[in-house]
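Chains here go by letter, A, B and C, matching the order in which they are written, and residues are numbered from 1 within each.
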Amino acid sequence: MKKILSVLSFILLATAATAQDVEALIQKIKQKLDQVKDYEASGKMKTNVAFLKVPVADIKLYFKKPDKIKFKTSKGVSFIPKGAVSVNLNNILGNGKYTALDAGTDKIGSTVVRIVKLLPEDDNSDVVLSTLYIDETNLLVRKTKTTTKENGTYELELTYGKYISYALPDKIIFSFNTKDYKLPKGVTFDFDDGTAKKPVNKEKNKKGRAEIVFSSYKINQGVADAVFL
Amino acid sequence: MWNLFQIELYKISRRPRTYISFAAITAIIVIFQFAFKADGESYMNLLLQNVQDNFTLDKGKAINGYFMCYIILNTLLIQVPILIALIAGDAISGEANMGTLRLLLTKPISRTQIILVKFAASFVYTIALLIWMAVMALFVSLAIFGVDDMLIFRVKGEESQILQITQDDIMWRYFAAFAYAAVALTVIAALAMVLSVFAENSIGPIIATVCIVIVCTVVSNINVPIIDDNVKPWLFTSYLVGWKGFFYINSTEDGVPIKGSLENWPAIRNSLLILVAHIFILLGIAITAFRKKDILS
Amino acid sequence: MSVIVSVQQLFKEFDGVKAVNDLSFTVNEGDVYGFLGQNGAGKSTTIRMLLTLVKPGSGSIKIFDKELAANRSEILRQTGAIIERPDMYKYLSAYDNLSVFARLSGIKVSRKLLMDQLEKVDLAQRYNSKVKTFSQGMKQRLGIAIALVHDPKLIILDEPTNGLDPQGIADMRKLIINLSKEQGKTVIVSSHLLSEIEVMANRMIVIDKGKKIAEGAVSEMLDPSSTIVQLETTNNEKALNLLHQSQWNAFVEPSAGLIKFRMNKNEIPSLAAWLIQNDIGIIALQPKHSLEEYFLSLTNPENHVEPVSN
């Protein structure tokens, strides 16, 4: 018991000691993000959900400060994961009041990242907890984990390239929870070709992934409000 | 033989009952189109169920001509055997009932020829019905609902799936599906023909054909393993819905559909072969029975 | 005169019941051949076997001197028929029905040929009317047109006057006689009414329970020189024994029960006298003039077991 207490108090102390630093780090990142007032990004989205077999979609992502964000696909029929709006970091960092906690460091690839936990102060916020993995040298968020009340937990992995100076990623891997999908039996009269006998891995079934690769950004060239309607 | 075939087609074309089927198909399709034009959204929501909790779906164009045709065929192809039976079940027994069979058989035509020609005429009728269905369900729907990618909702064993096929990859699947449906419905025509040989009025074989199809379809859809494994493979009705196989697109490991692919072509091919075998066997039975039959009507 | 139809030892069973039992007969060119029997006697089954509708159990059928089974198409091309009712495609017009069956008979059809044929049976005015609007008589006339449109050598008519009104029956008789006399066609006509065969046929067969009872020329059967005479006596056995030893033996016909003679009507008084001379008690001695009665007596002997009252 003593041991646990001492470990806890150490963590708390450490957190307290570094809270100021973490706060500053977040502010720095926000400043970096702030240079982008709006953008229009073009890219491709690959959705990987067990029950959903959809083709790679050409997408456009529009953003405008403070928190307007819109996905558009070139085709009429498209499935966009709901939590995907959080692909923009402003939507995680933008809404003001939260408590930032330092949760130590980790490694993503060869990069050492600082783990920062953000606890919203607003009780009504859907977000319960956001965890950011921050590359302190480049002031880039490399990974986030967001736990929500309604939509489970989703993860974002960001890879930077051409637009690194604006902190805009070239590639985002968005992982999310899905609910089980089941059509009522007998409704469809399906053709049974005898291949569906393998047992299904239920756990794997419930994770979804969307991979978005951006090919270009038009930054700060103005985006009409009508786009977001 | 060609002469005989023309006469048979002429006879079918002059019968009012021939057009009942076309009218029925038109009515069903128009009702479908009207209903979906008015409130397709609810149907789509029903199919999508909780998918909308996790996904934002642009489903404005999800109800498009291609999707409509699939939904219509899904329902209609279960009913069409009745319409095929209406003509093929009447082929021999109708003439027996009318009294024209004995006159027909005192003409210098062999009984084998008569069965073949009547079967061929039923086949042409089946094709005509399918073409009409294609025009109404596919092309008219495309005109009304427009063109876009198509969503296929499918139950595969324990899983349910939503497949998306891009609009440039659909038309050939419909052609293949209609061709498959033609083979499947020809089995019904051959079955009705066999029953027709044994009957002296047309109601019997029509009802018998429909009953066989209904019973087998119901048994085919009882999802109990013992039936799945032991009974299903022996029921021709299990293969009637094989046209859907052309819409089961194959996908990569990541779940991205591969354009122009089929998930299980061998299964479709085997189903086709089984259906074709049914046609030959049934036709053989019809010919043998008819050749032996004493015409007492 | 050549043989058109030759039937030898024809058998046919349905579910163990012998419908046709060892039937043999021949039809010559130009005959109007009457096929007489009560309903269920096997007429229809025989006619259906001639038209390949029913497969013979055994026996041989030759038409135009060819085996029917092996030369079916060739024979049927030269055969026309009405089997029982004249049934056509009700939803087609008279013209279309005729056209369909003419084409099925393997002939080239022209509008003129078909209209001429309809003219002959007095249906040219109604050529475009659907058959379902036709009376029985009109259907029968159309049936005749269909049976004759391909100019067959052999015409087979099964109960052709069934359901016709008196005028229709008269017309049908006239037509059948005309086919034979004027056009040299061979006609087989079946009926359960002897009066009908009597006026149309030159030769006939009588069948009962699938068996041939009699066959011959109608004129012979009507001939006074071969009148059937029935005799009932107080002691038929004794009478028959005496008859067999007398000059009358030649006229005695084999028969069960009553004693039958085939003899000239004029000799009946001499027969009566001889019977009295030989002390045979006569209960009845009855000549049968009408073919109708002859037919009934052959096919239904009970009709004549009762004592004749007059």
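The rule is simple: a contact is a pair of C-beta atoms (placed from the backbone, for glycine too) under 8 Å apart; a residue touches a chain by one contact, two chains touch by 3 or more.
Given the structure is predicted, the values throughout are model-derived calculations rather than measurements.
A centroid comparison over C-alpha atoms places A as the chain most distant from chain C.
Top contact pair of chains, counted by C-beta pairs, is A-B. Separation between the centroids of chain A and chain C, computed from CA atoms only, is 100 Å. Between chain A and chain B, the centres computed from C-alpha atoms are 48 Å apart.
Distance between chain B and chain C, defined via averaged C-alpha coordinates, is recorded as 52 Å. Residue ranges of chain B in contact with chain A, taken from their complex: 47, 49-51, 53-62, 64, 74, 78, 148-151, 153-164, 166-167, 217, 221, 223, 228, 232, 238, 241-245, 248-249, 251, 254-257, 259, 263-264, 267-268, 271. By the touch rule above, chain A contacts chain B in their complex via residues 46-56, 71, 73, 75-82, 151, 176-183, 185-200, 205, 208.
Chain C makes touch with chain B in their complex at residues 14, 48, 51-55, 72-74, 76-77, 79, 81, 83-85, 87-92, 96, 100-101, 103-106, 146. Contact residues on chain B toward chain C in their complex (touch as defined above): 3-4, 7, 10-11, 14-16, 98-100, 102-110, 292, 294-296.
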